[in-house]
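First the structure, which I've put down as C-alpha cells, then a few questions once you've had a look.
Going in written order, the chains are labelled A, B, C and D, and every chain counts its residues from 1.
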Amino acid sequence: MKIGLIGFGKTGKSVASILLENKKFSLEWVLRQSKVLEHRSAPEFLGIESNEPGLIYSSSNTNVNDLLEKHPVDAIIDFSSDEGIYFYGESAAKKNVKIISAISHYKDKELKLLKKLADKTTVFWSPNITLGVNYLLFAARFLKKIAPWVDIEVNEEHFKKKEGTSGTAIKIAEALDVEKESINSVRAGGIVGKHEVIFGFPYQTVRLIHESISREAFGSGVVFVAENLKDKKKGLYSFEDILSPYFAV
Amino acid sequence: MKIGLIGFGKTGKSVASILLENKKFSLEWVLRQSKVLEHRSAPEFLGIESNEPGLIYSSSNTNVNDLLEKHPVDAIIDFSSDEGIYFYGESAAKKNVKIISAISHYKDKELKLLKKLADKTTVFWSPNITLGVNYLLFAARFLKKIAPWVDIEVNEEHFKKKEGTSGTAIKIAEALDVEKESINSVRAGGIVGKHEVIFGFPYQTVRLIHESISREAFGSGVVFVAENLKDKKKGLYSFEDILSPYFAV
Amino acid sequence: MKIGLIGFGKTGKSVASILLENKKFSLEWVLRQSKVLEHRSAPEFLGIESNEPGLIYSSSNTNVNDLLEKHPVDAIIDFSSDEGIYFYGESAAKKNVKIISAISHYKDKELKLLKKLADKTTVFWSPNITLGVNYLLFAARFLKKIAPWVDIEVNEEHFKKKEGTSGTAIKIAEALDVEKESINSVRAGGIVGKHEVIFGFPYQTVRLIHESISREAFGSGVVFVAENLKDKKKGLYSFEDILSPYFAV
Amino acid sequence: MKIGLIGFGKTGKSVASILLENKKFSLEWVLRQSKVLEHRSAPEFLGIESNEPGLIYSSSNTNVNDLLEKHPVDAIIDFSSDEGIYFYGESAAKKNVKIISAISHYKDKELKLLKKLADKTTVFWSPNITLGVNYLLFAARFLKKIAPWVDIEVNEEHFKKKEGTSGTAIKIAEALDVEKESINSVRAGGIVGKHEVIFGFPYQTVRLIHESISREAFGSGVVFVAENLKDKKKGLYSFEDILSPYFAV
C-alpha cells in the first residue's frame, strides 16, 4: 500500500518511522509546510534503513496534482493542521486516493468538506488515531449502554507542562455524558499520558485504563486504520465504524 | 416478578437481601438443604423491612411441585450446588418457570440437563453472575478480536487465605487463550477480589480492572439478568447472550 | 491490657469487635451517650464469643470516677465526639489511665485540654488511627524531604454519597504543602476508600496508595497504638511519634 | 563539580545528556571501551548545546593517570561493567577523586576492592541508582519494620522481550524477605518498567509503586547522589546511607 504523508512534526516523524518499518506499506513521499529538510529522504533523516523513497516536499513549492501524478499513492495520511485538507483534499478525491485524517480539531467548514470528499473516495477521520484510546471509548460507551445508571468518573494524568484538560479526556467525557468540569487532571513530572474511566457500581468497580508509552502509537493506529480501510467503499468513516465489525466475528 | 431462591449460604443471603430491597422483585420463598432456619422468614432473619414472604424451606421436607403450586414464581435463582438442578429443574421447566443458575461448576451431565430443560423454558447459566466480571470478559474478548497479536496477561488479587487460582481468573484466561499457568496471583491480607487484564501494545498499554467490594454484587447481577431475561423465549442463555444486544442499541 | 471504650457508633462497634478478638486486650466496658443497649454486653451484642465483660454503660447514668474505681482499665480509647474528652479526661488523668483518642477534629480548646492532661498521663491523639494512612503520611513526607522540588498530587476515591473532600486527603495535602483545592476527588458507587499520592519526577513516577477494606482497620490501629504506648511516659504523642522509633531499628 | 564518565552505552549516553544539561556539573570527559566515537565530543554527538568539553576517549588508547592529570575531575561516574573498576579505581583513589558506581552486579572480588578504595576516597555503589527505586526500597523496608507480620507481594511489569525476573524486583524481594519465586512478572508490549510492592493488611492495603518513564532517571539519580556525596568523608556509601539523614531533618 503506497502512502503519502502530510505533516512532519513530532508526531508525523513518529508515524513515518512506523510506516517505514512496516513492510506492507511504502512511504512514497512526505509533504510539509516548512522548507526545512526539503528534498531530503525521510528514512535517511530518521536513520532507518529502507528502500522506500520517502522524499520530503514543501507545500510552498509543490503542486499536489503533479505530485500524485508522478508519485501515485493509495492513501494520504494527514498529520498536518486543520487547514491541510484544503491543500490536498480535492486532488486526492479526484484520483480516488483514500484520505486518512488524524487532525485533532476540525471546524464545521472542514467537516462539510470531508463529507463532500466522501462522495468520491474513502475518507476517514479520527481526532485521536491510537487503537487504545478508541477501544477505550468504544468499551466505555458499551458499558454505559448496559448500565446507564452507573456512576462514571474520568481521570487523566500528563506531564507537568501540559496545559488545559487533555483533549482525549474531554472526548471520553462527552461520549459518556460526564461533565467536562468533573474530569480529574493530574499534572506531574514526566508522565507521558494516562486516561482512566472509573465505573462505580454499588458493590463493584470497573476501571478502563489507557497508558501512552510513546508517540509511535499514532503510527500503529494509522497502520490499523489503513489495513481496515482497504476494502471500504467511498464514504466517511470514524474509528467506531472500523471497530464495530469485529464485534460480529 | 416473583422469585424463588435456591441456596442460602453466604452468597445466597446477600442475593436475598438485594432482592428484598428491590421493589420490582418479590422474594416468595427460599429453599435450602439445611433445616436450620426452616419456616423462618428471610426478611426477618436478614433484618430487612419488607412485606415479601420469603419463607425458608428445607429441601428435606419439601416437594418442589407442591411448593410451585402453592407459591408460584416467575423465576428460580439457583445459588446452591451443582446438584441443585436435579431437585427443582424438571418441576420448574414443566411449569415454564425461568431458571437462572449461578453455580460455579457444572459437570457435562448437568450441562446436558440444562440443555434439555431449555427445550421447555428459559434457562440461564453463568458461573460468575456479576455484571462487572462478565463485562470484563466481553470487553477483553472484543479487544483480542481487534488485535489478536497483542500481549495479554492476567493478574488477580485476593485475601491471604484464598486457595488456588481464582476461578474467574481461569475463565478470563481461557476466554483469551492465555495459559492458566501464567496467571499472576497475589494473596495478601483482606483484599476482597481484584482481576486485571493487561493488553501490552508496543507503544501503549490498556488495562481492564474489576474490583469486588462485596458479595451483594451477585445480587445486582441476578437483578440485571432477571430483567433482561423477562421477554426471552425458551432456550439456553449465557451472560454474553444478554450483553450482545446492547451493542446494537 | 484492660481497655475502656468511649463511643459505640459504627466505628466504635468495629473497634470493639477487634479488641474482643485480640487476646492481649480485655474490653472491660463501653461507655456511650445513648441509652440504647444500656447494661447489655458488647460481645453478646456483636455475636462474638468472649469472656471479656464489655458491659455497655450510658454516660447519662454513669459517673466516670465510680466506673474507673469499680472497673479499672489501663487505657481509654475514645471514638465518641470532640466533646467526649470533657467527660472522662480529668478522671482518667488523675488515675494515670492512658488516653487514646481517635477523634477526627478537635478545636483549640480541646487541644489545650489534651496538653494539660498530658502532664499527668500518657495521651495519644490521631485524627485517623489506621496504620496504613499514617504510614502513607509518614512515607510521603519523607519523600518530599528528599526531593522538595517534586510535583505532588493527591487523589482520593469514595462512595457516591460521601460529601465533601475526604478529611484524610486534606490532612495528606496539608502535610505535603499541596493546595486543598487541587485534591482530585472521585465519588462513584460503593468504593470504600482509596487515597493516592503521586510523586511526578521528570523520568519516573512514584505512587503511594492506601485502600480501605473495612472499618475494622481502625481497630487494628488502636491495637498497634496501644501496644506501642505501653512503655511510654506521660506526655502528648502523635502517630508520627510512634512510627519514628522504628526507623532506627 | 567536574565529572568523568566511564561507559557510554545506552544508559551512559542518557546520563551524559542529563549531566550536560545540569549547570552544577561539568562533564569533562567520557571513557569507554569501544574506539567508536573516539575523540568526538559527547555534547556534539548527543545534539546538546554545551560548553562542557565531554571529549570521548577509548580505554584501549588511554592511561587513566594521564587523563586525570590533564583533565582533573572531582568524581568518576561508572556505568561500564563490573570490570571497569580495575581500570580506574586505584588511580582515582590515589588522587582522592570520588567514585560513584552504578554497576548492576559486582562479584566479591570487586566488592573487596571497593572497600579497599574506600580507605582512601569517597566510594558510592548502588546497583540501581534511580531515586525512585531506592526510595521504594527504603519506604518498603520501613513498613516491614513497623508491621513485620504483614503479607507482602512484589509485582513487576516490563516490555515483552525482557528476559528473566527484573533485577530490581529481586533486590526488593530480598530486602523484604519475600521469596524470589513468588515475584509476579508481567511481560507485555512496550511497558518501560513498573514495580509494585503490595502490603496486605486484614482491613486495608498499602501499595508502593514505581514507574519508569525513561533511562534519564539514572542521570537524575547520579545528580542526586553526587550532590549528597559532596561533603562526605572517605568511606563506602550505599543509597540508604544517603537517604537516612533526610529522615532526621
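Here is the rule we go by: a residue touches a chain if its C-beta (ideal position, glycine included) is under 8 Å from a C-beta of that chain, and two chains touch if they have at least 3 such contacts.
Just so we're clear, the structure is a prediction, and the values are computed from it rather than from any experiment.
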item: Chain pair with the higher count of C-beta pairs in contact (B-C, B-D); value: B-D
item: Greatest separation from chain B - chain, by CA centre; value: D
item: Same vs different contact residues, chain C with chain D, by half of numbers used; value: same
item: Chain centre separation in whole Å, for chain D relative to chain B (CA means); value: 52
item: Cα-centroid distance, chain B relative to chain C, in whole angstrom; value: 39
item: Residues within chain C bordering two or more other chains; value: 189-191, 199, 201-205, 213-214
item: Touch-based graph of the chains, sorted into line, ring, star, complete or other; value: complete
item: List of chain A residues in touch with chain C within their complex; value: 150-153, 155, 157, 159-160, 184-191, 198-205
item: List of chain D residues in touch with chain C within their complex; value: 130-132, 135-136, 139, 142-143, 145-147, 199, 201-217, 219-220, 224, 243, 246-247, 249
item: Interfacial residue positions of chain A with respect to chain D in the complex; value: 189-192, 213-214
